[in-house]
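Letters A, B, C and D mark the chains as written, and numbering starts fresh at 1 in each.
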Amino acid sequence: MNKQRLEAFSDGVYAIVITLLILDIRIPQVQPSVLGAALVGMLPQVFTYVLSFFVVGLYWFAHHRVSHQVKQIDGTFIWLNLIWLLFVSVMPFPAALLGRYPLQRIPIAIYGIDLILANVTGFLITVYLKHHPVLCINPISAKSLRSQVPVYAISNGVYVMAIGFAWIFPWLSYGLYAVVLVWLMVRYARINNPFQPDRKT
Amino acid sequence: MNKQRLEAFSDGVYAIVITLLILDIRIPQVQPSVLGAALVGMLPQVFTYVLSFFVVGLYWFAHHRVSHQVKQIDGTFIWLNLIWLLFVSVMPFPAALLGRYPLQRIPIAIYGIDLILANVTGFLITVYLKHHPVLCINPISAKSLRSQVPVYAISNGVYVMAIGFAWIFPWLSYGLYAVVLVWLMVRYARINNPFQPDRKT
Amino acid sequence: MNKQRLEAFSDGVYAIVITLLILDIRIPQVQPSVLGAALVGMLPQVFTYVLSFFVVGLYWFAHHRVSHQVKQIDGTFIWLNLIWLLFVSVMPFPAALLGRYPLQRIPIAIYGIDLILANVTGFLITVYLKHHPVLCINPISAKSLRSQVPVYAISNGVYVMAIGFAWIFPWLSYGLYAVVLVWLMVRYARINNPFQPDRKT
Amino acid sequence: MNKQRLEAFSDGVYAIVITLLILDIRIPQVQPSVLGAALVGMLPQVFTYVLSFFVVGLYWFAHHRVSHQVKQIDGTFIWLNLIWLLFVSVMPFPAALLGRYPLQRIPIAIYGIDLILANVTGFLITVYLKHHPVLCINPISAKSLRSQVPVYAISNGVYVMAIGFAWIFPWLSYGLYAVVLVWLMVRYARINNPFQPDRKT
């Protein structure tokens, strides 16, 4: 029951973040005759919006896969979860920044850093659960934990590359963020029973 | 249980979108003596607000009717559902655009395109369920699926017409959007047991 | 179960509206030396905020008292409920208007009209339930319905008076809105089992 | 069941408030060349954001610990709970004020006053439950209530000190707010079964 409340609260946060993203897509204030051009000029914002929408959706998915393994929670877990939610709740800021300053180094870097921080926190929560089997429905084996390392390592590695490319090929940074997103989405899409910890494709 | 979490998340998104719509109705910043006139000038925005409010309500209704047939979910279903939520979450933008630029072609077209995309995604989800009976409480028969085609075809057809009329009779576009909305609301209102897939009037 | 989803959706809308109200209290953009004076000048907004916060809380309370009597829902009930939610979701607009244009007639009138419309819709829902006993856990007796008429009549009557006084004693309008709110809150506070339809004090 | 609805509504409010905080971190509107400097200049806002995020998280935690003891609710409890939610819902305003006017006395004082009011309301709710054992799963003993007094006294005492220091060492005020937050978070983190009223460390 405790767990369910934490999930309900977290689901609420995810639902709000994913919906708030649209508030940063402000309608242009121009003469109607140039509205079309103004809207075309917003395409970078639209790209960032759609990217961020699915990023938040992906974290929601990941959150459920973690919490599905949980039987009961303790105080530390609640704070770890809250830190995870912090890095997700923050997302509208880097998303708006990237939309407002397209192809700029700093916004690309901040966006990537937020993705990495959220990723790392998610992984730390799994590590914490591994070391506190009393909180889990089934203890998390070392093998199961190790099997998750490559995904985290690859996605974070690509994020770091994307941040680096911001200084030379900013378009490539966008592409790398999108590629990781699509890769993770396809991985998850192939899960038959998505809230089970063990993935069977 | 999986399904319930997806529903709770989706319900959250619908509730937030439908409530956020009011944020785009900004209060006028004028001298009190001309406040009345300023408010009257906002009537196109109010029309768009009310229209969009019930459009989102209608999609929420449709979402529940679809998810009521679902027994369990897989990864693909989650992404399809998220795409559906994307086209609903986006709604505050075309609504604000249409309120800010009343009777303009491009806003009318964008509004209609969003309605069509949301509609088509809803239909694709039903098609997906039809081809994955393991996800359904009762398999969706080809006949049941076919019976839904006319509603989708008519509503999307009228939306396309509304987009076309934006270039010649924009008022008619507004009327067509409103007519489809009222027609669908009346259809749904006549359902006795609204979350059952088979409609008995 | 159907009913629970409608309640969850409605609870979400109430929770969002009540929280969004703070967004209309914009922080002043002034020199720090005159910040105190600027904040004092915001007191009418604060009054409107607190008033509206408890108004939404009251409607949430009323909503639960109505839905507590419901066993199952039909399509018409869903739309009536959505109309009720519309008049609540709209609240941030008249609240912001009243905060921005304190003591002005039109904002006072619009605020009161929204209160009356929400009130009337709540009453119509009860009337609808009375005429559709199949939807209710226990049929609503004519006596029970009649017993609610005075509360609706008094509160709406006072709202109409408040709108009228906006033209001559606008302060009195504020007072009347606050008095009805406190009166209804005290009435509800005395309920021992608040989600039971029959009130025992 | 009544209680569950109140919890769901309250959880919704907490989830929304904690997520809305990011909306007050507006992206800077500057030339890309000075974006870095502009972002560094936002660090006071970021500090306030993170502080407020965990403050709201803490109140959410505290709310659950209180409501965990509740068996059923009455009208007065609902209003007390709503007053508690009011002081939490208000948080985006003092947070934005403190971020916009860093190190200024009045924003520091308003922030602290909101924390104290929320704290006191939480304590009053516990006192109310103590005097209405019929609402509780297990009656709250005088000893249990007394054991909570030091925590409330210390945290509120430090808040008062922080308000006082705003006039001479505003940095110290920030530090004191942060210290109380971390202290309470550590206290809660050491709880094994966080939603139990009796704390066993």
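Criterion: a contact is a pair of C-beta atoms (placed from the backbone, for glycine too) under 8 Å apart; a residue touches a chain by one contact, two chains touch by 3 or more.
This one's a predicted model, so the numbers in the text were calculated from it and none came from an experiment.
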Label of the chain whose CA centroid is most distant from the centroid of chain D: B
When chain A is superposed on chain D by its C-alpha atoms, the rotation angle in degrees, nearest 5: 90
Homomeric contact chain A-chain B: same or different residue positions, threshold half: different
Length of the line joining the C-alpha centres of chain B and chain C, rounded to whole Å: 26
Of all residues in chain B, the ones touching two or more other chains: 8, 12, 16, 20, 23
Chain C residues touching chain B - in the complex, by the definition given at the top: 2, 5, 8-9, 12-13, 16-17, 20, 23, 72-76, 78-79, 82, 85-86, 89-90, 92-93, 96-97, 100-101, 104, 106-107, 110
Parts of chain C lying in touch with chain D, wherever the complex brings them together: 7-8, 11-12, 14-16, 18-23, 25, 27, 29, 32, 35-36, 39, 50, 53-54, 57, 60-61, 64, 185, 188-195
